[in-house]
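Okay, so subunit A shows up in both of these, paired with subunit B first and subunit C after.
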Partner chain A sequence: MIDTLFSAFVFPGLLYVLVWTVGLFWFFRKFMAALHKRVGPSFNGKAGSYQTLFDLSKLLTKESITPDGVNPYLFSIMPLLAVIIAMLPAAFIPWMDGLVVVDSDYGLLALVILIGIEPFLLFLTGFGSNNKYSFLGGVRILTQSISMETAFFLSALSPALLFGTMNLTQIVEQSSWFSFLILFPGLAMYFVALLGLLEQPPFNIPDAEQEIVYGFYTEYSGTNYFLLKLAEFAEFMAVFAGATALFLGAYKGIFFDSYFFFFMKMLGIAMLMMTIRAATPRITLAQMLSFSWKYMVPLALLNLAWVLFAKSLWFMGA
Partner chain B sequence: MQDTNRLRPFFENIAFDRDDNEVILNFGPQHPSAHGQLRLMLHLQQEQIVKAHPDVGYLHRGMEKMAENMIYNEFLPTTDRMDYIASSSNNYGFALAVEKLLDLEVPRRAKVIRMMLLETNRLMSHLFWLATTALDIGAMTVFLYAFREREYLMDLIEDYCGARLTHAAIRIGGVPLDLQDTFIADLKKFLEKLPANIKDYEDLLDTNRIWLMRMENVGVISTDMALSWGCTGPMLRASGVEWDIRKEEPYELYDEVDFDIPVSDKGDNYARYKVYMEEMRQSARILDQLIPMYYETTPELMAHAPKYISGSKLDIMTQNYSLMQHFVLVTQGMRPPVGEVYVATESPKGELGFYINSQGGPYPYKLKLRAPSFWHTGILTDLLPGHYIPDVVSIIGTTNIVFGEVDR
Partner chain C sequence: MENVRKIIENFTCEYVENYKKTWLKAKLSSKDDLLNLSEAIKKEGLRSLSTVSPTDFLEDNIMEMNYFFEDLDTKRNLWLKVDLPRDKEGCKIESLTPLFASANWHEREAFSMFGVQFLNHPDLREIIKSEDFKGVYPFRKDFDWDAHEKNQTQNIQQIVDAFKKEQNENEKDLDPDSSETILNWGPTHPASGPIRLRVHCDGEEVISIDPDIGYVWRALEHLVTKKDFVGAIVAVERLCFMDNINSMVGYCMAVEEIAEVEITPFASWMRVLLGEVARVSSHFMGLGGFFNNMGLHTLGMWNMDTREFFLDFLESYSGARIATASIEPGGVRYGLDMSMFDELQKALDKFDNSVGEVEAVFVKNPTMKLRSDNVGILTKEEVHEFGLSGIVARASGVKTDIRIDEPYAAYGELDLEYITQEKGSAKDRFMMLFLDLKQSVEIIKKAKAHIEKAVADAKMNPTKDHMVKVPKKLPKGEAISRVEWARGEVLMHLVTEEKAKTPYRLKMRAPSFNHTMMLNHLLKGQTLADIPLIFGSLYICQGDLDR
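And now, the complex of A and B:
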């Protein structure tokens, strides 16, 4: 009982997600500032570290406006649902040796499905906003998630094929430097699809500020906006942790195994994502569609063939 | 009984709720990439534009009418508020028109300083254009990099005239101040760095396939279309017409400096981008040549024409006639001879024209402004249909419209 409550509210539950959100938000701001050759937040606290905390608490206390003509229940329940769904995958991730809340044989499946549901919730937020920009954003997020998730799922399945199990703990235990090399094309594809799934540049099409005024975020303010942002960052965590557990050997370190390595691996992915964010403009929806279906999906299928080939070559005889 | 509906503007008669699958999107006037106060009524089929109506007037201040109730010197700071990205070029266009009306000869040093200000303003405007266009397409980094350089130039101009955005640094008959001691050194420092900076932007953008995908073959303006819509400046040059008023009808000392006019015959977004980047280099080249020219001149800043221009401060304080003349010029204003004049200059955005009709009074009888951005907004009607929403943003970006100028 105590254990369940601890994992629901402290680690890897609510508190962990909150701390992660605040910390990662601040880190994004500082890291982007360095890339942009500017200072970033520096006024509140040491190196501006309170800035995000203040931002989030400010959003929590602000009035959350419900526009005219929307279904208020749909409008307000979607951000809440989005947060909950985005936080659930954390329960299936092996954070440390032996520390996994739900040790399921179908952990990978749960991870993939929970990550895959999220865009549909965001689509509903756009759909329920009674705003043309939000509606366009909703349609765009649906288009993008359908095209990107195919490649995402196919590349996420490659470790399961290689190790012959969907249990994340076992995948981590069996992973090695050699399997990392075999799975590297899968990791690269997972990463590109991740950018599309998380709406990061160059695929930040659904919430393009300059085109459709932040898409589905347009009508959200105050607490609801806070919840959507929290969902976004919880989603970051789920997808980064997924990549770490599937391809990078999770908590496995160089001299000792610890959560520290897990965290550093997630941070590395975040930094790569930020660097791409700073370096690229945004592509259009049509270009994203052709990229996804002409290149990503066939390559993901080829990757599956490569993994099967490698498995028959090096893993079957043992 | 009068039909009240007849008096309503066109845009209020649009039915927004339609059942033929066409969405009417009200793009602006409050929109992150509306570049000020542009309002576009977009008829959309899914995300494709079927019909586009630019609606202007949200920043209208009636400058042309205001000018009819102001003496000439009073109106000069108002021109700052037209193209507020490069305000000295507006000051200059107006001052040159009045000087032509008065038939004044401006001292050589004033001419050099004016050209320095004009070219610095062109650089500021083009850097701003690059920054906002890159931001519209999603390249945040270029936005911040270009703003850093623009900030340096704004500081430089602040050193000269005390203002950063609305300079009012050019007067009818010359310039009010000589360059301060550090100006040339600071300018040199900037010009040394600029080629490397421009290369930075090009490294970030030109080698990026996404940037090329977004710019190439998007928003193609053919030569005929550009001419028939009255495009000028970089918009016209990117569409294959070699036309620059600095070369065609040289004013100031533009016939004494070497510079090239970049031209492209493609007419798409990318051609415009290339033209802007090359123009920045040419501006820097002109500035380089101006520095030695400045040192060859004698320190004389205002034209000598006691009937129209006040004497120097020293004269006003010591000589009775100058004081009286100054008093009359300030309280009543100068009275140009009867006549009319149209003067066009090459502002960073295109042909900026001032038409002045003088009836011999202290106020212009009629003043008409020809702002390039106004025509570049009109072309959106023909340019946008067929494109998608992301391209709307990039096309508005590359047309480089500024709404202070469109609405006057």
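And now, the complex of A and C:
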């Protein structure tokens, strides 16, 4: 009972996600500021570290405006659902040796499905906003997730094929430097698809500020907006943690195994994502579609063939 | 030029005379000849109509129309005048829009401000001015501004009513079962600035665009007539804050021409130097804006960093970073303390140190090329037809640069070359901005070296030579001046009365007006994602769009 509550509210549940959101938000700001030759937040706390906390608590206390002519239930329940769905994958991730909340044989499947539902919820937020820009953003996110998820899932499956299990704990246990090399093409593709799924540049098409204002976010304010942002950052965590567990050996470290390595690996992915963000303009929807279906999906299929080949060569009977 | 003169002399004119090196000035006796004459000179090669500028002479009961025709290739220009009666019934003239596409908005502006009716104009709606001026013509000399301002509540009500009417009727003509919709892209859209584009689109595809401008209309052309000749510079520089110097240079040149004053070499070199610093600071914003429109803010931030150093120099010279008010009829406003050049040297060093990384990361950016290489293409023909100028024209390979075509200030002593691109796509306009920026920095270096040398040789006195006296009262006259502004060609048409203390009429032809006219043409059939990109690449400033 205590364990369950601890998992739900402290680690890897609500508190963990909150701390992660506040921390990562601040880190993004500072990291981006350095790339922009700016200072970033600097007044509140050491190196502006309280700034994000203040911003988020301010959002919580602001009025949440529901626009005229929308279904208020659909409008307000979607952000809540989005947060919950985005936080659930954390339960399946092996954060430390022996620390996984739900140790399921279908962990990978659960991870993939929970990540896959999220864009559809965001589409509904846009659909329920009764705003042309939100609607366009919603349609865009649906288009993008359908085309990017195919490659994402196919590349996420490659470790399962290699190790012959969908249990994330077992995948982590069996991973090694050698399997990392074999799975590297899979990792690269997972990362590119991740950019598309998380709407990061160059695939930040659904909330393209200069084109459709703020996409599905446009009508959201106050608490609802806070929840959507929280969902976005929880989604970051789910996808980063997925990459770390599937390809990078999760908590496995150089001299000792620890959560510290898990965290550093996630941070590394975040930094790579940020650097791309600082140097790459947005592409168009049509370009994203052709990139995804002409290159990503065939390559992801080829990658599966490569993994099967490698498995028959080095992993059979092992 | 002789051919043009011959053509004009076929019609009855009051006079035909040479004006400056590249201009011919003529006045038609009858407005009925206008259409035929324009057709003939268009065949001769003067294919662009720069602007249409009516001048309202209340006492003579005359509305004098001024047409400025240009040939961007051979640099032959024609200033054509014709008189119209002032009264509302008689104030009618044939529209030139069917012949010169660029006349479209300029005629709409003349119609809105002066009530000149253009016959056979395809789309004669009012433009720029707000709804409370509907049906009245604010730039006519007998318009009572004070009386208009007294009805403030009523005026605001009129604007509100018009807004509500528009809101209700916005999508009236659309099929409710289709996916067509009208998007209001602005005036509070993140990438629009104070302009509204009515984007008629079908899902992601743009069907047509109708720009609605005038959100920052300050009636600058009227405002200058309330100020003296020196005070007018603060209205003129507000054409656009990013490059304020060159617009003042244009105005001051026109005043000096009427006053018949020659400025000192030091002042003309300072005008070059300050003008290029302003151009650089404008181009920095333009380059950053281009990438901002594709969702990448890094270049904008990097450019801001370097731009601050150039603004430091402007501040040390004039005390202000943006609205410097530092060019005055008769020269430049302040003397120069040579230590101010240290600030400039810092800026130049900063630029030299940072231009390499900008080039590596952004100018050669593959994703940028993927996005912009094949959109927003303007052909040479279109540049002529729509009277485009500045970097937009040069990106399409048209060799036009007022600094070379009609050298002013000290540009004649500089050895400048046309920088052009070939294709005229959005990417080429970005490249053009970058190359123009580099050229400007080179000019700054040359001008700085020239001034330093001349001061060292005691040929210039930086604290005394900056001004020559311009009389407070000017004779009756008129002049035009053209400058290469950061965004293109600015043409100033200044009219003065006898013993005038204030300008009687100042027409500012601003390049963004022509460039905004192109939006529908360029964006028809493109997608929503191309709107900010192409809009940004045209380097439009709403300040000079509305004036």
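Observations on the structure shown:
The rule is simple: the second predicted complex is superposed on the first by the 317 of 318 C-alpha atoms of A that agree within 3 Å, B and C clash if a C-alpha of one lies under 4 Å from a C-alpha of the other, contacts with A are read in each partner's own complex, and residues count from 1 in each chain.
As a convention for this text, contacts are C-beta pairs under 8 Å (C-beta built on N, C-alpha and C of every residue); 3 or more make two chains touch, one makes a residue touch a chain.
On a predicted model such as this, the values are computed, not experimentally measured, just so you know.
Superposition of the two complexes onto subunit A shows a clash between subunit B and subunit C. Looking at the shared chain after the overlay, A:Leu136 reaches both subunit B and subunit C.
When both complexes are overlaid on chain A, the residue A:Arg29 reaches neither subunit B nor subunit C. Applying the stated contact rule after C-alpha superposition, one finds that A:Asn204 touches each of subunit B and subunit C.
One listed stretch of subunit C collides with subunit B once both complexes sit on chain A; from 81-89, 117-125 or 495-503, that stretch is 495-503. On subunit A, the surface patch touched by subunit B in one complex and by subunit C in the other comprises residues 35-38, 132-133, 136, 201-202, 204-205, 208-213, 278-287. Partner subunit C is touched in their complex by these residues of subunit A: 35-38, 132-133, 136, 139, 201-202, 204-205, 208-213, 278-287. Within the complex formed with subunit A, the subunit C residues making contact are 181, 183, 189-191, 203-204, 291-298, 301-302, 305, 361, 365, 367-368, 370-371, 527-532.
Within the complex formed with subunit A, the subunit B residues making contact are 23, 25-26, 31-33, 47, 134-141, 144-145, 148, 204-205, 208, 210-211, 213-214, 388-393.
On subunit A, the positions that touch subunit B within their shared complex are 32, 35-38, 132-133, 136, 201-202, 204-205, 208-213, 277-287.
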